[in-house]
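Two complexes come next, and they have one chain in common, subunit A, joined by subunit B in the first and subunit C in the second.
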Partner chain A sequence: MGSSRPGGAGLDSAGLGVRRAIGFVAPALLLIAVFLVFPALWTLYIGITNYQLTGPAAANPRVVGLDNVVEAVRDPLFTNSVWLTALFVLGSAVIGQNALGFGLAWLLRTVRPGLRRTIEGLVLLSWILPGTVVAYLWFAVLSRDTGTLGLLLGSPQTAWLVQYPMTSLIIFNVWRGTAFSMLLYSSALAAVPPSQLETARLAGASGRQTVRDVVFPHIRGHVLTNTLLISLWTANDFTPFLLTAGGPNHRSEVLPVLIYRQALESGQLGYASAMSLLLLVGNLAIALVYLRLLRRRA
Partner chain B sequence: MRRTTVFGLLGVCALLAGCLGRTQEGDQARNADAKEITLTIVANAVAGGKNARGANWLQNWVIPRFTEQQKAKGVTATIRFEQNGAGDEDFKTKVALDLKTGGGGDIIEVDGIWLGELAQAGQIKPLGDVVGNTDWDGWNQIPKAVQGLGEFEGRRYGVPMGTDGRVLFFNKKLFAQAGLPVDWQPRSWRDVLDAGAKLKALPGVTPIQLNAGTAMGEATTMQGVLPLLAGTGRPIHENGKWQGDSEQVKDVLELYREVYGGGLGDPVLQQEAKGRDRSFALFSENRIGILLESDYFWRSVVEPKNGVAKMPDRDTAVGWALVPARQPGAGVGGQDFVSMSGGGVRVVNPNTRYPRQAWEFLQFLNSAEAVKESLAGAAQLTQRQDVNDEVLAGDPMLTFVAEEVLPITRYRPGLADYPKVSAALQQATADVVAGKSPDEAAKAYRAALVKAVGEGNVG
Partner chain C sequence: MSPLWVVRRIGFSVLVAVVLAFFAVPMLWLASAPFDSKPGLGLRWPDWTFANVVATFGHPYALTSLLNSLVLCVVATVVTTVLAALAAYALSRVRIPGRDLLLYLLLLLSSVVTGTAAMVPIFVMMLQLGLINSQFGTALVIAGGMLPAAIFILKDFMDAVPRSYEESARVFGASPRQVLGHVVLPVARPGVATIFVWAFVNAWGNFLLPFLLLRDVGRQPAAVLLRTLYDEGGSANLTVIPVFSLLYSIPVVVLYLFVNKRYGFRFHGGIKS
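Up next is the complex of A and B:
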């Protein structure tokens, strides 16, 4: 319809018309509806029932309204978990992966291409290996008595995953996820005009000053996008379960692990669904904050 | 457009919502005359791993024999064995999810204690409702108490797979080094702690392994809290009520504090994700002195040939003793010694396509010949009296369990709420191991219990 009018050409540049356009996107929308929208709504629905895996409430679930949400907010396990998740995201993603990723990208600009590719390859390897394999390797490194780290440090009695569960998880996740930040910052740094860096060097700016005043203004958008993505990924990451299973005594029970344990180990499907809803709301809130920051820049 | 999509999806949701928790009924004689059948048996057993003996038996003896037997009747039977090597709780989750979605094997091996919750969820049904007539000469061979393992609210759900008893295992070599008698039999908790104090002098040895914490799951309850509680004279469920933060529960938690706060046990081990397996390995390496376990430990863990933590010198190095009450006469029923028992049950999936054939297969699995074969020359408390009479004589440990332990043992309450109570007890021991006082832990336990089963059901 719009294609015939000169004014509408900008809106319908392909000249398909609304009906055909809908036809083209319908398969994608259908997939999104079936695999994304429907499960989300289904979770919402289960979240307002007392549905359980076994027992009487599995046969005849009852709608309990917002009771699950209220209970979750009052549950010390949930508050503990929110705090641990915040710590995990802040420590391993916002600070850890960001800083290490940028640091690597910045340092690798100037080294020989061969060395750079080797280091990039190694960093990437930790990112592309399957989670279960990686968890197994880390288990071997951190376990007590025969763990590699304990033997290297000469303190085989330390059970790292039990005595320092959150620290271990944060270091693990920094190691695991830095590759993405490194890649993103590498390409972002390539967009900084070399002439400006040269000028800064001639003006006698130190490395830190250059990064702060010349590089950062150019890559601010990248920093925000990167931080948003890795924050959300980390908040939803389930790999901690493979390493500590939330233990010892809930000390590393981040939200995805808590939800899994409540749903499948305790069988409280309704309660766990309400918790997933709260996690979703939390993620949306984080995303909104970042988006606002991005817009302010624009 | 967008609004219609959303409403459409909501409509679908509402339709499906009616399906939440729905289960189906079927005709018991369906496909009874089929000439080609497929049956799947699901067990938490895997060749070369967990319960390897059971897995080998199913794969190499049961399946070929039963297929042959059916062939003679003109029926082509395909029997599949779905192997699992998971923790018990994970396996339960898997079975429940299978049954919930209308899938799962035709015959499933479950822990007797799960019957209540699975039955109340409608995920399993009384055997007679699933397969029709359940007459079988084998019932006469299974003692009433053992049959009770396969029952819930007075109705039979499956055929039990045998039972067990809990004792204190100890390492005789370490006992000799510590100057303790190798025919040790403690008469009170104090005796156990005293022996632990002597063992503590040996370098690199953890004196006592008393399962604690949530990572060990049901093993904490069954090989820890419940036998101890029985030793205080008050079982966990009594007169229709669950025991709250009573003196007896506090006594049990106080014992945990003495073990883990007093350097007699290894608190870190209780919190590790694979702590139980590790405790087995440590025992077999002569690094744990005393360990409370069921005869499973003797049969499948330190067993010299097929055990998961083999001890070549098991027969001379491993001793066993009855679990003492807090002090003589303080146990349930005024007993001096106590134990707890449980066991697995094979149930028929209500969704099976071949209920009659599944029942026939179940009878075959529990025939004297099959049960005897399943032992592969080893001894075990099977469900069948005729087999027990024959096989137990050769094994002093199992004879001990049959003669000394089973007469004094108790079973867990087969109620749907039990797993929640069990989880609360595990958490209480975890709290004590992590340094909380027994009083605080008992208080938190009571709160968790009230939340799980309701104020009115807590005594």
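Up next is the complex of A and C:
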């Protein structure tokens, strides 16, 4: 919003003044600097040392340069983890949440209001319930012998989280995170001009044709925004730790879980920091693309 | 009504039913297991009893941890809301030198530096400061993580508050403090309430940071305790876990219902709980 008053002084409508304004911003910035900026920068330093949780390297960490990064790239556990994280992001966010979120937003336009509210409510609830509770809910679905999925499919002997850990995590995360995509696409679809949808209907276009030729051009920007955000969140999600803790035998050890296990279970703080650094760089790449998009739209 | 139409209609209903089941079935456990005489990790019609509820209230750490959650959450939420509101207002109304760069960096920070990516340095920092097991310290770490996004969302709200209100108040001789307290705050209340609820839900569910930083079971919040509820035999304590999960979920569900009724789930940029 531009100020319509001359001189620009009218911007400061409460008469706060620059000095007091800085005083208003300072406490928040201080907290952000101490607990967010400093740790991020410190990752750089810890990542080039052999710092450990216990032992001689805990008292006197030594700078080892880029050794940690080189070691990580050669470490089969790390490459395995990067691959699993990519699979997790692609399967559960880029494809799963995106498709189901759009599908729900599209379908629910034509559903009775009561049913619509029920479905939306359930989808939102799965999004806001605490992670630890949600983990138990899914143990009850996927566990052996008594699990709901085993009962429904008539194969109670299957321990889903042990036999198919990544597939289970991907389906779980679709359930957990679809709400965001649904909300975003609902508001995007509301901006598609109804007259164009009506024209498509009169011209006898099928649902698929309508989505492709009429709806998609309007929401292309939203698809990109949504995909970037949910990818970023999924890559940084710690909930897989609550469900499988990386197991069995590293088969579901996505990057956040690997970092935790290296840092606090093996005590390799320096090495884990080097891995975090690679995650930070990945986040930065996605965020920069996202901010460019935002700016172009503005 | 052509046959094709009927087939389509049936297909549509089946689709809706499948989606409904996918989202509803996992949650049924939260309704059945707490009141079942033999609660397990599975779904069945409960053999109704209140014994689990009694056992949960008798558990030495259950209620303490809920109280810990409340303390952690209230401190983190209040700090986030107050500091974000002050900063967002100043950034919305006053052209502080370097403002646009600052806003850009805040937006970048809020998405790049996540708890997972920064867990090692945060843990080391708190260890060296002697703040492991400090609830207040943990609350501040959580608040620091939420602040950039909170400032950004609130600034959008503040930008939408018409400046003319403040200007007229000043014409009538109100001091900056009066303008803030009597004009700006009441008008910006929906935004502040949104951030309050968002921060509360986020902090309430946060597992990683308290798990890293609070090692003493007497100080751990519900998120961490729920993860470590074992019975004497070393297996998951299924008498307490279901009831405790339910108790722990109630505040979030109540807040959700309140927001849904009062404001509806509108879209505010990058809100995620």
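Criterion: the second predicted complex is superposed on the first by the 257 of 298 C-alpha atoms of A that agree within 3 Å, B and C clash if a C-alpha of one lies under 4 Å from a C-alpha of the other, contacts with A are read in each partner's own complex, and residues count from 1 in each chain.
In the analysis below, a residue touches a chain if its C-beta (ideal position, glycine included) is under 8 Å from a C-beta of that chain, and two chains touch if they have at least 3 such contacts.
Note that this is a predicted model, so its numbers are computed, not measured.
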| item | value |
| --- | --- |
| Partner touching more residues of subunit A, whether subunit B or subunit C | C |
| Partner chain in contact with A:Val123 - subunit B first, subunit C second, else both or neither | second |
| Subunit B versus subunit C as contact partner of A:Leu66, first or second or both or neither | neither |
| Partner chain(s) touched by A:Ala245 [first = subunit B, second = subunit C, both, neither] | first |
| Contacts of A:Leu153 with subunit B and subunit C, given as first, second, both or neither | neither |
| Which of subunit B and subunit C A:Val37 touches, first, second, both or neither | both |
| First (subunit B), second (subunit C), both or neither touched by A:Val162 | first |
| Partner chain in contact with A:Leu184 - subunit B first, subunit C second, else both or neither | second |
| Which superposed partner A:Leu264 touches (first subunit B, second subunit C, both, neither) | both |
| Partner chain in contact with A:Val289 - subunit B first, subunit C second, else both or neither | neither |
| Residues of subunit A that lie at the interface with subunit B and also at the interface with subunit C | 22, 29, 37-38, 42, 46, 51, 264 |
| Partner subunit B, residues of subunit A touching it in the complex | 22, 29, 33, 37-38, 41-42, 45-46, 49, 51-56, 58-61, 144, 159, 161-163, 244-245, 247-249, 264-267 |
| Residue ranges of subunit B touching subunit A (in the complex, touch as defined) | 1, 5, 9-10, 12-13, 16-17, 20-21, 23, 89, 93, 96-97, 100, 114, 117-118, 120-123, 213-215, 268, 271-273, 416-417, 419-420, 423, 430-431, 433-434 |
| Residue ranges of subunit A in contact with subunit C within the complex | 1, 3, 8, 10-18, 20-22, 24-25, 27-29, 31-32, 34-40, 42-43, 46, 51, 100, 104, 107, 111, 115, 118-134, 136-141, 143, 145-148, 151, 175, 180, 183-184, 187, 229, 232-233, 236-238, 242, 255-256, 259-260, 263-264, 269, 272-273, 276, 279-280, 283-284, 286-288, 290-291, 294 |
| Interface residues, subunit C side, partner subunit A - complex | 12, 15-16, 19-20, 22-27, 29-30, 33, 40-44, 79, 83-84, 86-87, 89-91, 93-97, 102, 104, 106-109, 111-125, 140-141, 143-145, 147-148, 151, 159-160, 163-164, 166-167, 170, 176, 179-180, 184, 201, 204-205, 207-208, 212, 222-224, 226-227, 241-242, 245, 248-249, 252-253, 256, 260, 265-267, 270, 272-273 |
